[in-house]
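Shared chain: chain A. Partners: chain B in the first complex, chain C in the second.
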Partner chain A sequence: MEAQKFMVFLFPSVSYTLKAEKIIKEKGVAYKVIPVPRHISSDCGVCLRVAVEQQGLAAEALQGLVTWERMVLL
Partner chain B sequence: MEPDPLKNQLIYFDNAATSWPKPAGMMEAMGHYNEMIGGSPGRSGHRRSLDAGRIILETREALAELFGNGNSLRIAFTKNATEALNIALLGILHSGDHVITSSMEHNSVMRPLRFLETLGVQISVVSCSGDGRLSPEDVHAAIRPQTRLLVVTHASNVTGTIQPIAELGQIVREHGFLFCVDAAQTAGALPIHVDEMAIDLLAFSGHKSLFGPQGTGGLYIREGIEKHLRPLMMGGTGSRSEFERQPDFMPDKYESGTPNTIGLAGLGAGVRFVLTEGVQAIRSKEEGLTERFLKGLASLKGITVYGHPEAASRTAVVSFNIASVSPSEASLELDERFGILCRPGLHCAPAAHRTIGTFSRGTIRFGFGYFNNDEEISFALEAIQSLAAGD
Partner chain C sequence: MPIIVDVRGLACPHPVILAKKAIAENEEVTVLVDNEIAVENIRRLAAKTACGFSVTEREGGVREIALVRTGAAGQPPADTDAEAVPSCGVASEKETRPIVVVLSDNHMGRGDDVLGDVLIRTFIHTLAQLKPLPATIICYNAGVKLAVKDSPVLDDFQQLAQAGVDILVCGTCVNYFGLGDQIAAGRISNMYDIAETMAGTARLLRP
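Up next, the complex of A and B:
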């Protein structure tokens, strides 16, 4: 079985991450708030992790409401 | 029944300073944070830190709904309206700029402006009428090529006089400078819509009509203005920690250091109470109380009332004087003999008192709130009558 692949959305700060969380939660997207992986950024904040299959749904929900800085494949 | 101060049956008419009592949800929200969460928001990724961050986000979202701005991240939290006004004024104005304000302002506006004046900022204080109203035509006449900002209180903390904010916003928008509104007395008590009123910077306090605890307040900053608005404090924000430069984005740019999470939990509950009750319902109740009090005062002898005669043109704040007693003596008598708590003096607004002709005597100020009632107004009118009669 192939391992689940994830995409992380990186935001300017936790206020943005949690606002994004609220929005995708209401849209029914499965997600997890995780510390920003060290290999992606030295920022000590948190980011949103979603399954690769749901990244489009998440991006669509956030469009125009919360701007993310980067999307990175884990 | 006559309230007995010794049994703590007090009549609280000092809501213009701090509202009391608070909705039950406020203490519950603060207790919940304290007992069940307790973490630092934005300082880690553990669940208690995230829950603390979520509480603050919910408070921001509730305020964004109340003020009609779509993006809650445009609101930076401060410890009160004074700090928010200081960020706005000290951050925007530089030597050579011109700023327009009214003669009804609180010292939270006047003192930063007088400080800026020593640094070379030009100030025009537009005179208001004897009942505290600012004329948009007079503001228009004060505009110069160097005008950078109009800063005006939404309603006076001394007379309750409501200023024509939407009309003033229109003038500012047409001339292309910035509009800062001091909503310390009105956030939660009067409808505020930052877009419809063309407000660029809105300073509010959390502990008055938003029913939060003391130590809460904030500043709404229209998109793009943060590029030109220097922060008052810099430090840790939990974001961009690898850089020694202050973040340049909202709200982090203006929120250095651990925030007052427990206070913001309470403020969130207070704002949700306002949204549930409805600003119009709150306004209607407070206007009714004010009208009843104004009518009652008009029938008493030896009383001078200040501000606009109509309750519809003022918040639930009434300043008055009793000819035979000084404001401080009257307030002491009201407290000790009748259990009525109010505020005498100049209310940190000497300019406003000069405008209405009560400098340096000051006034007795009653600030009614949503939890006051008609019986308390009637009792207070009887108490004032007996003080005026020298009983």
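Up next, the complex of A and C:
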């Protein structure tokens, strides 16, 4: 079985992450709030993780509502 | 002829205890040990009881320690029970003491519940990456809310359980919150198990 690939959205602050979580949750996209992985540096310690197949859906939902710093493939 | 005390294969603190007993009863003792912690503990024993100490390397990692009483002939060394606490080393203690995580709330820390909610989720997610993994996770009071069907950390709990972590969920608490039909992780437990598990470790982790 191949390991599940994830995309993480990094935000400039915790409150951005929480706002994004709310939107993603309402859209019904499966997500998880996780600590920012050690190898990625970010001022905000938490980020939003979605399955890589759902990154388009997540990005679309967040577009224009919450700006993210970058997306990183895990 | 010194008497020979073979403590190879024995776990700390048995080697130093047996060495101490032997030198209390004999003028000269040869101790065979197979690890450095035992050597150091016996070296300290010798210093505290004013015994002569020498160590010789033998084949296969075996060390032969010669203990000789240097005090008044025929007098057993002074008893130093009060101070002679053998050190079994941080490493061995780390390996033997299980980590028990206590989740007494569905938030991490006090001050802000929105933040506390994010923190507890990331904490539990991170638990699954700990090495070694905790042996047990205990959920009580509002901590049991983390083990319900729609818990945001349910997948982490399932992953931990699959890896062999025992998750105890306080039955009284589940009953109090009316969550009897919603618990989806761990096993319902009682105060006997909870208190015994907590008392049985020196390493309690409380977020």
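The rule is short, and it goes like this: the second predicted complex is superposed on the first by the 71 of 74 C-alpha atoms of A that agree within 3 Å, B and C clash if a C-alpha of one lies under 4 Å from a C-alpha of the other, contacts with A are read in each partner's own complex, and residues count from 1 in each chain.
As a convention for this text, contacts are C-beta pairs under 8 Å (C-beta built on N, C-alpha and C of every residue); 3 or more make two chains touch, one makes a residue touch a chain.
What you see is a predicted model, and the numbers here were worked out from it, not measured in a lab.
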Message: Is A:Lys22 touching anything from chain B or chain C once the two structures are fitted on A? First, second, both or neither.
response: first
- prompt: Given the superposition on chain A, which partner contacts more residues in chain A: chain B or chain C?
  reply: B
Query: In the superposed arrangement, does A:Val33 touch chain B (first), chain C (second), both or neither?
result: both
- request: Return first, second, both or neither, reflecting whether A:Asp43 touches chain B, chain C, both chains, or no partner chain.
  value: first
Field: Set intersection of chain A contacts, chain C complex versus chain B complex
entry: 14, 18, 33-35, 45-46
Message: Touching residues of chain B toward chain A in the complex: what are they?
response: 41-42, 44-45, 50, 53-54, 56-57, 60-61, 71-73, 237-242, 247, 249, 251-252
- request: Please give the residue numbers of chain A that touch chain C in the complex, ascending.
  value: 14, 17-18, 32-35, 45-46
Statement: Note: in the complex, chain C contacts chain A through residues 114-115, 118, 121-122, 125-126, 152, 155
- line: chain B partner, complex, touching residues on chain A are 12-16, 18-19, 21-22, 33-35, 42-46, 65-66
